[in-house]
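Each of the two complexes below includes chain A, the first together with chain B, the second together with chain C.
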Partner chain A sequence: MTNQAAKRTGPDASYDDPSFSLKRWLSSDGNLTRLFVIMVVVFVTMTVLSPRTFLTLDSFSSMAFQFPVLGILSLAMMLTMVSGGIDLSIVGIANLTSILAAMVMVRLVPEGASAGTSFMYMLLGIVCAIIAGVLCGLLNGFAVAKIGIPPILVTLGSMQLFMGLAIVITKGQAIVGLPEQFSSIGNGSHIGIPVPLIIFALCVAAVYVLLNRRPYGMKLQLLGSNPTASRYGGINNTVVLLKTYALSGLLASIAGLVMIALTNSAKADYGTSYILQAILVVVLGGVNPNGGFGKIAGVVMAVLTLQFLSSGLNALHVGNFFKDFIWGIVLILVMVINAVSPRLKWKRRAAGSSKTSS
Partner chain B sequence: MPKALIELNHINKSFAGVHALKDVSLRIEYGEVHCLAGENGCGKSTLIKVMSGVHAPDHGEIRIDGQLRSGLNPIEAINSGIQVIYQDFSIFPNLTVAENIALNGELAARKKWINWSKMRQTAKQALDKVGVDLDLNAKVEHLSVADKQLIAISRALMHEAKLIVMDEPTTALTQKEVRALFRVIEGLKRDGISILFVSHKLEEVFELSERITIMRNGKNVISERADQLNREKLVYYMTGRQIDESYYEIGKQSGTPLLRTDNLSLKGCFEHISLSIHPGEIVGLTGLLGSGRTELAEALFGLTPATSGEIFRDGEPVSIRSVQDAETHGIAYVPEDRLTEGLFLEQSIERNMVVSVIDEQKDKWGMIDRRKVKSAVRSWIQKLGIAAHSPLAPVKTLSGGNQQRVVLARWLAASPKVLILNGPSVGVDIGSKEDIHQVIRELAGQGLGVLMISDDLPELRQSCNRVLVMKRGRIIGEAEGKSFTQEVWSELHDARDDDAGPVERRGNTA
Partner chain C sequence: MRKWTKTSEFYVAIIILVLFAAIGSQNGAFFSSANMFDLIRSSIVPGIFVICTMMVIISGGIDVSFPAIATFSMFSATKIILMLDFDVPVFAAFLLAGIIGLGLGLINGLLIAFFKLPTLIVTLGTSSMFSGFLLTFVGSRQISNLPAPLEQFGKTQVIKFTTDAGITVGLPMSVLITAAVVILVAIMMKYTMIGRGIYTLGGDPVSAERIGFNTRFLQCFVYGFVGFLAGIAGMIQTTMMRSSNPVDLLGTELLIIAAVVLGGVRITGGHGTVTGALLGLLLIVTIQNSLILVGIPSYWQRFVIGALILIGTGVAAYQIKRSSAKQSSILT
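Take a look at the complex of A and B:
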């Protein structure tokens, strides 16, 4: 082997450097850098436009109660999208499972139960909802992985199925009168931090570990980028997909619980607009819709950006009609930038390397 | 000097700092079969793109029929009679044969309505020129690679081609199809059409061409009449190093085979396969595409489990129903199609290497141990001499040879006992090919059993101690590795030609 080739075989220096650097991390992925800039720009713009309403503790605290539901749903969407699929049934799962929880908490509790008993029923409701969420997810996963139906069709069908089931169970009525202890999850704070925000943070941490530190996460990303190669590479695609849709269902049920705790009631058609918003957040966050790639930081920044935009527009008294319009613009803009900038980056990098090599 | 069909003089071309062509000259005479040889990444493809007007050269001149052509663009090149058939043929799989051949012409003529009968007529004429008979109404996606190629050639002839450039035309063809293609090329030559044949398969280069131009690292090394060159010289010019040709031999094997199959069958694919692989053996397996060789490999690897028969590992009967089973029993498989079956193109080299052993990289918390992964990746990059800028770069940035080493590294990391290689050197340059063979021999020397599926006779001859020949789902013969020549192969293959000749291409007009 020639000297030059030997030099090229040596991994580059950053590969060996174990330390973490924010600059390197941001610059390692152009999308994250751009997203960070966009988030800051939106934040600053909103601050400048309405300093007295946007940049207040009240407004921040209300944001912290608002975005976690969408945030958790986006995490679920993200996982399925990294696998190369999609989960349109997340809101359906959220509603169905939260209705189950509400029924356990409201209807099963014996008349005049003590605080302790009703607390036990509350826990039972939560557990039921989560188990039901996992089962719903497994149903999706089974149809996708075992039967081989395209995920978009499977989850479109199951979205209708779950929603229909929820309507049948409730006869279209809302279930109200959740125990106070439970509502405090949605509206209370723990050491000054709103509980929904804490739940969101825990979900983010859990998904981060799963995606980046556990073998499952690497398998998921590889499967997402080429399912044939992953099969030839010894990955059990069926197991990975089942886990992914089950996780998606689990996260959806958590989102559902937070949602009914916030509104203090459960209903079959809550939050249907969240499906498209979750897709928007995930794509905005740089998750590749073709599968294989996705960074959790991107999704978090995307959901924050949209929340800043949404709260800022509210502070400006811009109607809800405008909100959708502006979200649409942001999404398309970001996708255009994402499509264009890799080419620019490639040119820059090539120019840079020619300078250093000569 | 009399004028040539096309002359490229002192062409230079850089892409964003990479100097792809350095002062390259090429001259193609009228009615000449010219071969452009060189390893992958030496600039052959770039040169073709300069010739066909896709890339404009930074310096240098292009002369067609003696006329200086500056600012040549693809349409002008086509109008001057230069046609390029790329590796993927640029055909439309969802259209019929006739549409694929004649549609371009119809569109170029800016017709508003399609005259179907005229289109079929032109398509028929074009096919006749090449001398093939295909069903004009057949959907192209159902045809074989060889037929697709013939369609691309026919289409090229529609445009009054004077020069047809074929970029690696034989990579996906069987021996028989290669023969047929060569006959077509000879026919074209008789009609006065020049052919530029791009290849790195040495046999073909010598058989076909009158003149050979060899490129290395973006420069042309030599341009010479074919009869002035021989195999050794050619390899030397292509790689810049001497490669000795030796054979792999081991003594007679006794004892328990690593892998043995008994009457293994998969309905519709192969039947009654009984073979054994001993430690240290490199067993070749060849046969035409569709002979069941790939299906056999995939059955042994659990991708499409066999329907009957038995598999023994170290003498113990084992059940291989899934890839996970195969892994448990120490069987590894480097698939045929590196790009779709082997690699995660967009993912990093590192991930591509550890995919099969992710579960072994866990720390006590069940998390991936980054340090373990990195040190494994580093050591494989070094052991196999993979030329990569960074292990975190997408694997698609590597050359074919290096990509193949990545797939190999992935399976070697799983420390298999039996390694099945399907076309280990397809699309791999000579230097990498030799390196890969060397690695395989070393591993076999350490007691690994290897089953090597290949179309490449010299590869089988040099690497394998014995070679099995498959035909229509059965093993029909076996030969000693070093004596496995073209003649032996034909003899074995044609010996049992009792029933109805080899499967002819489908879609013939009845």
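Take a look at the complex of A and C:
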């Protein structure tokens, strides 16, 4: 994987120009335009195919409850992929941390506790989950940055480790009966907006700020495109990698909390199909799997596209296996298009101008 | 010169011996021939899978689609044979499954070789595609009325004897297929130009191209061949289970990769041996089958395997880091 010649798109022309122009933005990033078009096409197709079930308030509100978990996991996957790695352990972290939270909320609470006490335990559970998520992420980061194991192996191993730990803790059983206040996070709405959606929006905003407005984002992208150059450029690669995996663990634990709030139970093997879907979303969103490049707008559009597709297929009463088939085709197709289009552009440019552009 | 005591195979072998001794001292039943045969029997199908994964990883890629390919080939081959409705020889059934697998593997190979896509993501995608297609369009219900020759093949045993305790133990015919595959691939990787080319490709694709290897052909060959082997392995699974279940093998890919990596095959490509991969498999299979014999509940399996992967790869990565540090200190 690592030794495949990385095909990169040319340097982004609009990168150091602070003024914003829609035309330049669209033309400089063909992928975002393409993604937007795909999203609209999927939306329109699904609307035409099943207007009565797809284009209703009910279906939209159920979508708004469904996609945030995948969305938050995709953000975690995106960060690690921009750093040139991958995080296969996000679902493991999500399950492990949410089980910890559920245990605090269900098992530790004394009998007949007042609403206030059980609220305190709920907060304690959430804090525990988030700390555990960061610790899990730091373990990944330590193994990647300090010991030097390839990220895919680290997270492959830690996925087994975290999931195994979750199974050991629960002995394979589900933990049920979370406090009502907590499940209202998963199923409630705040001023008409579903709470999971609000959490997703907050995560998106935080990651956006980190990636685009903080030095960390720049360092991460430099590290992802060329780790040697970034080290010689005075960037502490170890710290950046540790931060990245810790953030990924943090986001995964948030996703886990939303997940158990939605289902009102926690189990060691929930949502394992999310790993593939998160990779699909991130790649569809135009993040370079070899690292160094990725836009959050792309990831958000990709997750919406997938949700439209998924809900639309549900409305058509298509089985889950058929969805797997579609996921696979979409992923491959997007990869092929992303690989071919820069080459075509390059050829066109070379043919169009007599002088070489480099 | 690397001494053989410094190879990772040596360390894995020591770990396995220690594990054997530990389990054996706790429970005498471990060394019984029934248990040993059980270990071999449960490595027949994964044995072919580790060989597949080893080849792919040596070539510098990673393949998570082989269980999907195996399932797809075995299930559709069984269906086709049942539809033909006459007793095709066992050989033809295996060949058919192999050819279906070859076709699917070539899809991977072409995508990887001609579009230069990351192997993990391509195979994740095709894996989801193949199993989705199989379960939607070919069928999702288990086939238990196998054609007679396959049924017969599954029942035939190579070695069979009755132990003192009166338990009859034996190995199915298919163990010979796995043995043949192992030997064939070992010879191919070591003594043929294609095998050496695969090592070179994994070590450095640019150098491989410059010294005249056709890297595109090599990649297509690796993924096609692996697809072929996966198809065969799927058919073995069918004959061993005496039924064709379309969800049987799915989800085994990560454990197989773990086995290969534990056996000292470097995930960055270019390094690894058949012996190492098989030792890694033995380690995993022993943990899976025998932890329960020493009184460790089976739900610890995943945890132990995950810890082993991290420790095993960590030690290997640390060694590489140290040796490269040593080299650079000599140079400067």
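Following the convention adopted for this analysis, the second predicted complex is superposed on the first by the 322 of 358 C-alpha atoms of A that agree within 3 Å, B and C clash if a C-alpha of one lies under 4 Å from a C-alpha of the other, contacts with A are read in each partner's own complex, and residues count from 1 in each chain.
Rule of thumb we're sticking to: contacts are C-beta pairs under 8 Å (C-beta built on N, C-alpha and C of every residue); 3 or more make two chains touch, one makes a residue touch a chain.
All values derive from a computational prediction rather than experimental measurement.
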Exercise. For A:156, select first, second, both or neither according to whether it touches chain B, chain C, the two together, or no partner.
Key: second
Quiz item: So, A:292: does it touch chain B (first), chain C (second), both, or neither?
Solution: first
Quiz item: Between chain B (first) and chain C (second), which, if any, makes contact with A:108: first, second, both or neither?
Solution: neither
Quiz item: Which partner, chain B or chain C, is in contact with more residues of chain A?
Solution: C
Practice problem: Considering only touches as defined above, state whether A:205 meets chain B (first), chain C (second), both or neither. | Solution: neither
Practice problem: Identify the partner contact of A:221: answer first if only chain B is touched, second if only chain C is, both if each is, neither if none is. | Solution: first
Practice problem: Identify the partner contact of A:229: answer first if only chain B is touched, second if only chain C is, both if each is, neither if none is. | Solution: first
Quiz item: chain A residues touched by both chain B and chain C?
Solution: 1, 5
Practice problem: Would you mind writing out the residues of chain C in touch with chain A in their complex? | Solution: 60-62, 111, 115-122, 124-136, 140, 202, 204-206, 254, 257-258, 261, 267-269, 297, 299-310, 313-314, 316-318, 320-321
Quiz item: Which positions of chain B touch chain A when the two form their complex?
Solution: 15-18, 303, 322-324, 327, 333, 335, 340-347, 351, 354-356, 358-359, 361-362, 366-368, 371, 374, 377-378, 381-382, 385-392, 410, 414
Quiz item: Tell me, which parts of chain A touch chain C in their complex?
Solution: 1-5, 7, 86, 143, 147-150, 152-154, 156-165, 167-168, 171-172, 276, 279-280, 283, 289-290, 319, 321-329, 331-332, 335-336, 339-340
Practice problem: Report the residues of chain A in contact with chain B in the complex, numbered from low to high. | Solution: 1, 5, 8-9, 11-12, 14-16, 18, 209, 213-215, 218-219, 221-222, 225-226, 228-236, 292-293, 346-347, 350-351, 353-355, 357-358
